[in-house]
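Next up, some structures in C-alpha cells.
The same chain A turns up in both complexes below, where it pairs with chain B and then with chain C.
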Partner chain A sequence: MRYGHKYVFLLPGLLVLIAILIFPVIFTVRLSLSGWNSYNPGLDFVGIKNYVRLFTSDPRFWEAFSRLAFFSLTTVFLQYILGFGLALLVWRDVLFKRFFRVLFLIPMMTTPVIMTVIWKTVFHESLGPVNDFLSMFGLTPLWLSDPMLSKVTVIIVEVWQWTPFMFLLLLAGLLSLPKEAFLAASIDGAGPLRKFIYVTFPLMAPISIGAIIIRLIEASKIMDTIYVLTSGGPGTSTETTSFYIFIKGLREFQMGYSAAMSFTYLIVMILSLTVIVNILIRVFIGRND
Partner chain B sequence: MARIDLEGVQHSYGNVEALEKFDLTWNDGGRYAILGPSGCGKTTMLNIMSGIIKPTQGRILFDGNDITNLQTADRNIAQVFQFPVIYGTMRVWDNLAFPLVCRNVPSDQIKTKVEEVANTLSLTHLLDRKANKLTADQKQLISLGRGLVRDDVAAVLMDEPLTVIDPDLKFRLRRKLKEINEQYRTTLIYVTHDQNEAMTFAEQIMVMDKGRIVQMGTPGELFDRPSTTFVGYFIGAPAMNVFPATVKQDHQLDVAGTAIDVEPNLQGAASETLKLGIRAEHISLQDDPKSNDNCLPFHVDRIDDFGNYKLVVGKASGQITKVKVDRNQPIASGEMFMTFKAKNCCVYANDRLISTS
Partner chain C sequence: MKRITVAVTSMLVGVTAAGIAAGDKWSDQFPHIKNTGDIAGECSYESMSQKDYSGQTLTINTHAVPVMGEPTALHAEQFSALTGAEVNVIHTPAGDLYSKAMIPFQAGQAPYDIVFGFSNFIRDWMAYLEPVPEYYVNMRQMQDVTKSHIDVASWDGTMMQFPIDGDRHYLKYRKDVIDNPELQAKYLAETGNELRVPQTWKEYAEIAAYFNGWDWDGDGELEYGSAEVMKKDDLMYAAFFSRSVAYAKNPATPGGFFFDLDTMTPLINSPGFVEALTDWVEAVNYVPPGGINFSLGDEINSFGGGQALFSFSWDDAFVAAMEDGSAIKNKVGVAPLPGADRVWNRETGAWDETYNQAPYIVWGWAAAVAKKSKNHELAFDYLCFFSNDANHQADIAIGRFGVNPFKKSDFVPDIYIERQGWDQQIAEEYTETLMDMEEKSTNRVFPLRVPGVFEFTSAVATGTSKALAGQLSPQEALDEVAAEWEAIIERVGVDNVREAYAVGVALEDNLR
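For the complex of A and B:
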C-alpha cells in the first residue's frame, strides 16, 4: 500500500495552520528585525536594534508588563473566589436554581466594549450615579482620573465582566463530581466545612487549574476595557502591554519596534504561564512525591 | 454492631416500583450477599439501609430503634462504594482517622484504633504515604478501613466493592473481608451481580429479581434447592437444566413419555405447569440405558473442555441440556443416556419449587 495520498487530506489543515499561525509568527520575528515605520515602510534589516532599545531604554514597556501582571493576577484571583462562591451557592438544590444560574451568566452575554462604555458612565466623576450616591456622604472619588483608583475601577469592571465565565466552568466542574465522595464524607461524619476542604476542593483542583489558566491567558489580553475606560490613563497608570504595543504599532506605526515587543511579550508569557501552572499544581494538588 | 430489621419496606421511583413490599432481618455479625441481575433492586435495597434513599413505605430498625427518618450521617453504618473513595490530599493514616476525628474522639484512642485497623488490613507500611498514590485495591481497603475504625458501626454495606480490582487481588480481598468479619463480628452486607463472588463470600445469600426477594439461603441451599427456576438459572454455572413435565403418579413425573421418579408428592399439582430441574453436576452420562436411577436419552452436540471438567452440551427430550463430566470419561458422539437420582430432582409448579416434605 502506498500512503502518499494521505498528504492530500492533511494539506487543507496544514495550509490553514501555516496561514494563521506559523506564517504570522515567522513574519513577526522578521518584522522585529526591521526598522519598518511610517517614514520608511519596508522589510529592511537592522539587526537586533529594536530589541536593544526595548531592553535598555524603554522602561514604559516593562512598567506596562508589571501592571499587566498585577491586573491579571488580581482580577483572576477575585474571579476565582467569587465564581467558586456563586457556583457553590447554586450547585445544590436551592430555590430558583435555574433562574440564578442564568442570572449569574448575564454579564458574559453582554458585549464587553458596550458594557465598558456603560461602566464609564456609571463611574463618571461628576455625572455618574456612583458619585451621585457617594456625594450624599460627602465623597466624590476620582474613579477614572486618580492613578490608584483608576486601577481599582479597571479591576471592578473586569471582575464583573468575567466572573460568570469562571462561575460557568466551576459549576460544570461541581456538577460532574462523583456523588459517592460526598456520601462517604457524610457517612464519616464530616460537616460542610470539612467536606469542602477535604472533598470538594481537592476534587475541583484539576478544573480549578484549568479555569484559572484559561482566565489568565484571556486576562493578559486585556485591551478593550482599558481602551474604552481609561485609554491607559491617567498618564500611564492603567496602561498594559497589549495597549502599549497597540499605541506603538497602530497609532505611531513603529511596526518593527512593536513586532519586537510582541515577540518579547509572547516569550515572556509562555515562560511565566509555565511557571504559574507549576505553582498552581503545587498549590492545588501538592508536591508530587 | 446491630440487628437490622426492615419492616414492610417498599420503594418506587415515580411510577416504577423498584422494590416490592418485604420484611427482612439481617442478624448481628452475619455475612450476607445480595445477588441479582442488573436492575433487580439490590442497590436500592442497600441505599435504603444506608439512608441515601428514603423508602416509599415501611420502617427500618437498628436494634429495635426506628431510624427510617435519620440522615445517612446519623445512622451508624459504613458504606464501601464501587469506586474507592479516599481523601486524596491526606495521608493513609489521616484517611483512616478521619471518621474518628470528625466525631471528636480523643487522639490516643484514634491512634490505637487506626494502628489496629491498619494492621488488620495490612496497610501499616503505607500509613505515611499520600492516599492518592496507592493502587485501586489499597484505596478500596482504606474505604473499608474507614468503616472499621468506628466501634459504633451497625453494618458495613458494600456495593460491588471489588468491581475495579484485578482478579487475583479480588480473591485476596475477599479472604480479607471474611477474616475481618470473623475478627470484628461486623455485619457485612455485600451487593454483587457475580454469583461466584457471592457464593465464596457470604454465609447467607439473598437472590433478588425484578424488585422481589426470591430466595435467601446458604450457598449450598441455593445450589441444591433453588426455590424458583430463576434461581436455578441464575445460580450455578452452567445454569440448571429445566424440562417441561406432567404428573404421572404421586411421586413420578412424565418427561416426554419417560417416567421420572421424584421425591415431592405431586398430588394436586396436576393442573399446573410443571417443570423438572436438574443440575449439570448431578447428571452422569453412559452408553446404555441400564440404571436404577432416572434415565433419559441424550443426544451429544458439543463437548467443551474446561481443563478440570468437560461440559457436554446436547439435547434430551428436545431441550438443550448441559452435563458436567469428568475430563477423563470418554464421550461418544451421538446418542447416549443421561441418568440422575430422584433426590437431586427439583420439581417446579408455575416456576416455584414444590417442597419435598
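For the complex of A and C:
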C-alpha cells in the first residue's frame, strides 16, 4: 500500500512552521546583508559588511554578551537553588501547603515591567524605602547608580521574578517521582540528607536540566528589567545583548546592522546552549548520552 | 523694533480678545477653555464649527497619556464634535514614536495621517512629510510663533512640522534660598563668595556643592545641590549639550558647534566639550543619591518636589514646581543657562578668556502630516485647531500636558499672574528669560538635525554615561564619541551630513 498522501496532511503544519519560524529567520539573514537604516531604506545588498563591522569594530556588543552570560548564569543558578529549596519545602505535607504554593507563584504571575517599576521605586536611592530603612544604620547603598551594585540589583529583581518558574517546574518534577525509590531508601535506613543526595537529586536530574535550560534561554533574553531599571547604565555596566540590539535597531534604526547582531546572537546562543546541555548532563547524570 | 511692535500688538490683541471672549458659548460647551473662551482666529472653535468633515476619518499617532497624548486626545474629541470628523488617536511610548512612523514611511504606507514626535526627527522624516501649506504659514496664529520655533519646525525655510510646543533648556533655582539674606550672609561668611543666581557653570557647581546634603529649607528633609537628567537614555545628551554650549559655542568662530562644517570633523572631543563633561562628572557629587540614574521624570519630581536647589532642562520641572498644590509654588526662579568665563576657539586652538553664554533651543514635541495621507486639509485643520490660541492658553497651564510656550503672546507676565497665581516677579523673570532666548540671542545652539541623528546622539549618551559612571575619563569618553561620530559620517556619507548640518549652522550663525 502506498502512503504518499500522508505528506499532504503534513502540509498545513509545515506551511505554518515555515511562516512563523523559518521565514523570520531567513528574513533576518537577508536583512542582515542589507544596509537598511533611517537614511537608506530598503533591502539593498551590502554583503557581509555588517558582520565585518560587528566582529572587527564593535567591542560593545561582545562586552554586552559577556555581561549577559554573567547575568544569565548567576540568576539561573540562584533561581535553581532557591526554587529547588522552596519546592522541597512544600513538596511534603506541610501546613497551608496550597497557600504557600500559590504564594510562591505570585511574582511570576505579575507583569515584569510593572514589577520592575515597583522594584525601581523600592531601590530608589533617595526616595525608596530600602535606603530609607538602611539610612537608620548610616547606609545608603547606590543600588542603581553604582556600576557594581546595579548588577546586583538586576540580579535581585530577576531572581525574585523568575524563581517561581523554577519552583513550579521542580515541584511538578518532585510530585511525579516514583515512591518506590524513597521506600527502598527508607528501608535501607537512609536519612533525609542521604535520601536527597542519592535519591531525590538524581531522580530530578532530567527535570533539573530541562528547567535550567528553559530558564537560561529566557534569562538570555533579559530586556524589560534592564530597560526599566537601569537603561543599561550607569555607563554600560548593565547593558546586555538584547538591550544593545534594541538600541541599535529601534532607537538608532540601524535595521541591517541590528539584524546581523540578532543572527550572530542566535548562532552564539545555539552553540552555547549545546555546550551547556552537555556540561549539565555530565554534572547531573555523570555521563554524556 | 518692528518685530517688537508686532509682538506687543499681537500680545495685546490676544489678551484683550481673551478677556472679551471669556465665558462665551464655546467655553460652556468645552470647559477646557473656560478661562479665555474662544479666541478669534483662523482655527478657532467658531471657525472650525463652520467646517464639515462628516464621513472623513483622521488617524493620529501620538505620545502616551498624559504628556502630549492627553491634549491630542482632548482636542481630537473637541475637533470631532465641531467638524463631524472621526478621529482615531493611537498612543505610543516616546521611545517608539520614531520607529512606529518610520517603518511605514519607508514601506510607502500611510497608516497615520498625523505623526507626533520630536522636532529633531525632521531630517529623517522630511521626505515623508507634507510641507505646511502657505495658508497656515501665513495666518495670524502662525505669525505669533517665535522665530526660534518657526526655525525649529522648518527645514531650509520650508515649514515641515506644525508648531505645537516650545522647548528650550534654562536654569531653574530655588528663589527662597538664593534670595534669602540669611543664607546669603552665611554663604558669604563661609565661602567668601556672593550667593546669587550662578553666572557660570563653575559658580553653579560651587553653590550646588555648598547646598548639598543638608536641610536648608527647614522641612526636616535633606536637600541637594542639583537635579539633572543623567540617566543613559534618549534625553541625557541634551543635558550634556546644555552644559557644553557655554564652553564650546564661540560666536567668534561661526561654522559649526557639533562639527566643523568645512571639514566635517567632529568637535565633540574638543576642549570646550571636555571641560563641560569634566564639570558634569563633578556634578555627580552634588546631585541627590542616585542622581546619576535620574530620568527626566526623576528630575521633574526632584526639583518640582523641592529636593534640589538647581535644575536645568525643559520647562516641566519649573511648571511642576509652580502648579497649585506644590510646596514650593512661588519659591522658584528662572534664569538663562549659566555661562563660562572662557570659551574654546577652534580656529586659534586656545581658550578665549571672555565670558560666554549661549541659549540651547532644544528639540521638543512636534507634529506633522504624512505626505501619503489622503486627508491633508483635515489633518492640518486638526493641528491648527490643536494649537489655536484658546486651546494653547489652556494647555500651557496644565503641566502634565507637556505643552510649553512658543508664541510671542505667551510671554506676557499677566497671563501667569492672573490665570496661574504666579508672583509678579517670577512671572516677569520667566517671560523675560524665555523671550530673550527665543528672540534676542544671536548665539543660539539648535539641536543636531542630520541624517541618522539618533546614531549621533546615542553615541553621546553612551560616552558621557561612561564618564559619569567612572568607566572612562571625560577626554577618553569624548574621544570614543568622536570616533563613533566619524564612523557614522562615513556610513551616512560626509556630503549628506554636511548638507543637512549646514541648514542648522545657518540658523546658529544667524544667516537665515
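To be clear about the criterion, the second predicted complex is superposed on the first by the 276 of 289 C-alpha atoms of A that agree within 3 Å, B and C clash if a C-alpha of one lies under 4 Å from a C-alpha of the other, contacts with A are read in each partner's own complex, and residues count from 1 in each chain.
Keep in mind that, in the parts below, a residue touches a chain if its C-beta (ideal position, glycine included) is under 8 Å from a C-beta of that chain, and two chains touch if they have at least 3 such contacts.
These numbers were taken from a predicted model, which means no experiment stands behind them.
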Message = For the combined arrangement obtained by superposing on chain A, do chain B and chain C clash, or do they fit?
response = fit
Task = For A:Glu180, select first, second, both or neither according to whether it touches chain B, chain C, the two together, or no partner.
result = first
Query = Taking the superposition as given, does A:Thr56 touch the first partner, chain B, the second, chain C, both, or neither?
reply = neither
Query = Comparing chain C with chain B, which touches more residues belonging to chain A?
reply = C
Inquiry  = Just checking: does A:Asn131 make contact with chain B only, chain C only, both, or neither of them? Give me first, second, both or neither.
reply    = second
Request  = Examine A:Thr111 and indicate which partner it touches, taking first as chain B and second as chain C; both and neither are also allowed.
outcome  = neither
Task = Using the superposition on chain A described above, determine whether A:Gly286 touches chain B (first), chain C (second), both, or neither.
result = first
Request  = Report the closest approach of chain B and chain C over their C-alpha atoms in the superposed model, as a whole number of Å.
outcome  = 48
Request  = Would you tell me the residues on chain A in contact with chain B in one complex that are also in contact with chain C in the other?
outcome  = none
Key: For the chain A and chain B complex, residues of the former touching the latter   = 178, 180-181, 183-184, 186-191, 194, 198-199, 202, 286
Message = Show me the residue ranges of chain A that touch chain C in the complex, using the header's touch definition.
response = 35, 37-39, 41-42, 57, 60, 124-126, 131, 140, 142-145, 147, 230-237, 247, 250-254
Remark   = chain C residues touching chain A in their complex are 95-96, 98-99, 102, 106, 124, 224, 231-234, 288-293, 295, 302, 307, 451-452, 454-455, 458, 462, 465-472, 487, 491-492, 496
Key: Parts of chain B lying in touch with chain A, wherever the complex brings them together   = 50, 52, 71-73, 77-79, 81-83, 85, 87-90, 98-99, 102-103, 130, 143, 146-147
